[in-house]
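Next, two complexes with chain A in common: one pairs it with chain B, the other with chain C.
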Partner chain A sequence: MLIRTQNLTHTYSVGTPFERTAIRGVDFHAQKGEVIGLIGHTGSGKSTLIQHLNGLLPPTSGTVFFDGEDIHASKQTTKRVRFRVGLVFQYPEYQLFEETVERDIAFGPKNMGLDTGEIAARVEEAAALAGLTKELLQQSPFALSGGQKRRAAIAGVMAMRPEVLILDEPTAGLDPRGRDEIMSGIRRFHRETDATVILVTHSMEEIARTADRIVVMNDGEIAMQGTRNEVFARSAELNAMGLDVPEITRVAMRLRAMGLDLPENIFTVEQAARAILTLKGGGPNAS
Partner chain B sequence: MPNLIQTQNLTFTYHAAESGALGTPSAAAPVLREINLTIQRGTFVAVVGANGSGKSTLAKLFNGILLPSGGKVYVDGMDTLDEATILEVRRRIGLVFQNPDNQIVSTPVEDDVAFAPENLGVPPAEIRQRVDDALKAVGMYDLRRHAPHLLSGGQKQRVAIAGVIAMRPECIVLDEPTAMLDPIGRREVLDTVRRLNAEHGITIVLITHHMSECIDADHLVVMSEGEIVMDDTPKAVFTQADRLTELGLTVPPTTALLHELRKSGVDVPVDALTINACAEAIYKTFP
Partner chain C sequence: MLRDITLGQYFPGDTVVHRLDPRTKICMVVVYLVALFTANDAVSMAIMACFLGLVIALSRVKLRLLLRGLRPLLIILTITGLLNMFLTPGEPIVSFWVFNISAEGIYRAVFLVVRIVMMVMGTFILTYTTPPMSLTDGLESLMGPLKRIRVPVHELTIIMSMALRFIPTLIEETDKIMSAQKARGADFETGNLFKRAKALIPLLIPLFISAFRRADELAVAMESRCYHGGEGRTRMRGLKFRRRDALTGLTGAALLAAVIGLVVLR
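Entry: the complex of A and B
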């Protein structure tokens, strides 16, 4: 197990009238190379949980382990974990500040104390993974489009070559093309580095397309986890938790209710089209 | 007068000092060019377009937060450039933005909703009535004594909408009101918007990146690089999937599935937009 929390609890503003327990007794785990979709209603504790995974927030009680070691065992351990677990916040483009995109992406590797040659190699690699062209690297980050800015900010975290990449709502506020570009960048990063990816999103479509395993948070606790099939099969429970299944899954559920013999594991447009064509006898899997 | 909002050859250019908004790469280039758009009283109009296409700028021109660089905006026949009537214009057109946390000014909920009518000098007894009506209209009356920070994202956004409704506007312009919400929060806000339109006759202008949210609109306006490139019913717009892809946009998953099936030779209409309509259209192709 690469990353693991044990009985993790976090309470904000302890001892004040605003005291609030955001997560309670959470046992979360992620293996090397896994892509995890973390979903839950607003205020369910997702953001609090992920901020523990790279040591930004200290637990109120419980432990966070990275590679078997308590990440708060010593200051050095915590610092090391920050470079190995990369966290991309919501609207990360607000944190761009350098004169060129290249220098912005180089900021993380520079902080790691890498030499100039290595920094340049990392910047080039991360820009390519995030889908940014060489020409863009010399521009001011503020001259980029909304989607490009977001990718530049994500590249800055990818350049640290984290073993775990955590992204909090990476596509919020972007147009459909911008969303596609971000998601392709994340999938490319995962494919080429075999890093663990933890994706926090409100888009069930993105989860359906990307995640190996889904973890569902509800009111500060892990309410469900499993494969897409296992989690999206429980649509009534998901609804009660402020969530939903992908729209195309609802079309397939409706068709099944009408009597069509469609499989239950339909989460994307391509899967739905293939299953319908197969049922008609004209699809690629027709017998 | 059936036209509530009308623009004539509307052009807008940000001055250098005001530039830097998301997706405005060049300060000198016009953000909007020769926009001629009519929004009729009581209709539900959705506006889509890539980041930087000028959607949000257009919204701010509708109620005179921004003023035309060229051309005109008329609200209920009043020119937004006319200082004598600008308050009347703002009273008729209410704006709701993406982030509910930036729009809530007071606690508890009912005080927040009373903020605008108080500033308009409405007599106390009428304020009470307006606040109650507004909270009932968005389904938040039972939570009127709650502190806003304890509400979910969808609830907060509905309070923000109630704050606008308490001004008794003719029209509400919502700029990506669901971008930060979870699936159920999104549904709550959209149901509220649809109800305000259908039951209270309030004109709705909904700016969004989510194509599924446009399905029930009377008109769907598509913007690209500061111009209106399509203005038709959602059915007619979504039939042109390839054109939308060129513009960096997409179609709802239902339409995408129908297009996919047609490509494989299945004789389905592509304009069955809702989940039920889509399922029925597919079901009918089976003997």
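Entry: the complex of A and C
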């Protein structure tokens, strides 16, 4: 187990009238190379949970283990874990500050104390993974488009070569093309580094397409977890939590209710297209 | 955590103190401060302390919150106390090397520290129990007469209310950017002064950029709702004096009279 939390609880603003427990007794775990989709309604505690995984928030009670070691064992441990668990916040483009994209991506590796050659190599690698061209690297981050800024910010975390990459709604507020570019960058990173990826999102389509395992949070607790088959089969429960199954799954469900003999595990448009073609007798390769 | 800063913060509640007209509260704070600085002996100070205690009890503001607000003043309080203790001339009761501590010195030190603490607590009760918006509404109403001599009262108060409104937002933003940079290994806590100042660059640049962006957006939002200054502007919730405000005013007058009386008669 690469990351594990044990009975993790976090309370904000202890001792003021604004006191609020965001997560309660959470036992979360992630294995090496796994892609986890973390879903839950707004305020369900997703963001609080992920900020514990790299030690940014100290637990009110409970423990976070990385590679079997308590990440708050000492200040050095926490600092080391920060580099091994990369966290991309919501709207990460607001953290850009350097004069050029290249220097901004280099900020993380520089803080790790790497030498110039290694930093340059990592910047190049991260930029390629995030889909940024060489010309963009020399521009000011503030001159880029929204989607490019977002990718530059994500590259800044990828450049630390984290063993776990956590992204908090990486596609929020982007157009479809921007979303696709971000998601394919994340998949590319996962493929090439075999890092664990934890993806927080409200888009069931992205989850269905990317995640090996889905963890559902509700009111500060883990409500369910499992493969997409297991989780999306419980659509009534998901609805009760203010969540949903992917749109195409709903379409397939309706078609099934209307008497079409479609399989139950349809989560992407491609699967649906194949299933319908098979049904029509044409087979998956006929057109 | 940054977001635990209490400066200028409002803690919702539903007590007599919370319900008072903001103008009454502002005037009471002025009266309280005048009385506090008029009071110059133990008896009048005790009266002031009783009054403060009564208001704290009525407002149900937690004592711990008031004390936490004092924390940034700790250094000033200590220096004030020590200077007064050592530098007040008088019959020394303890003396070593060049320092003399006299009974008068101790008395003065305690007196001044108590006075500062009470001053800060009194003003904190105002901000803790009054939403920023009613605070600025109250100020605008009180400064109304200044409009006659062409002081831009409305503009000043709207600037103030916006500043107050954005303090929590900016604190939250700072917190967020700080976390994001920390996640990239930024270190805001160690190193010498120069190093720490330099470490702030990745925090300050994004913060300024987002503050300007917010200001821009706010201006557009206000203009698109046809805001054009205070001329002819009406309020949704008008301020209204009630009986409790009159009673509070009387109490304030009585307090001031008592303290001045004690000082004059002595």
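Keep in mind that, in the parts below, the second predicted complex is superposed on the first by the 284 of 287 C-alpha atoms of A that agree within 3 Å, B and C clash if a C-alpha of one lies under 4 Å from a C-alpha of the other, contacts with A are read in each partner's own complex, and residues count from 1 in each chain.
Just so it is clear, contacts are C-beta pairs under 8 Å (C-beta built on N, C-alpha and C of every residue); 3 or more make two chains touch, one makes a residue touch a chain.
Because the structure is a prediction, the values reported are computed rather than measured.
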item	value
Touched partner set for A:Asn54, first chain B, second chain C, both or neither	second
Touched partner set for A:Met1, first chain B, second chain C, both or neither	neither
First (chain B), second (chain C), both or neither touched by A:Pro246	first
First (chain B), second (chain C), both or neither touched by A:Phe142	both
Contacts of A:Lys79 with chain B and chain C, given as first, second, both or neither	second
Partner chain in contact with A:His202 - chain B first, chain C second, else both or neither	first
Winner by number of chain A residues touched, once chain B and chain C are compared	B
Touched partner set for A:Ala121, first chain B, second chain C, both or neither	neither
Contacts of A:Met258 with chain B and chain C, given as first, second, both or neither	first
Which of chain B and chain C A:Ile276 touches, first, second, both or neither	first
Intersection of the chain A residues that touch chain B with those that touch chain C	142
Interfacial residue positions of chain C with respect to chain A in the complex	1, 3-4, 6, 11-13, 64-65, 176-177, 179-187, 201-202, 205-206, 209-210
Chain C-facing residues of chain A, complex	12-13, 15-17, 51, 54, 56, 79, 82-83, 86-89, 92, 94-97, 107-108, 111-112, 142, 156-157, 160
Complex interface listing, chain A residues touching chain B	40-43, 142-147, 149, 169, 172-179, 202, 204-205, 239, 242-244, 246-248, 250-251, 254-255, 258, 260, 269-270, 272-273, 276-277, 279-280, 282
Chain B to chain A touching residues, read off their complex	20, 22-23, 25, 49-52, 98, 152-154, 176, 179-187, 209, 211-212, 248-250, 252-254, 256-257, 260-261, 264-266, 275-276, 278-280, 282-283, 285-286
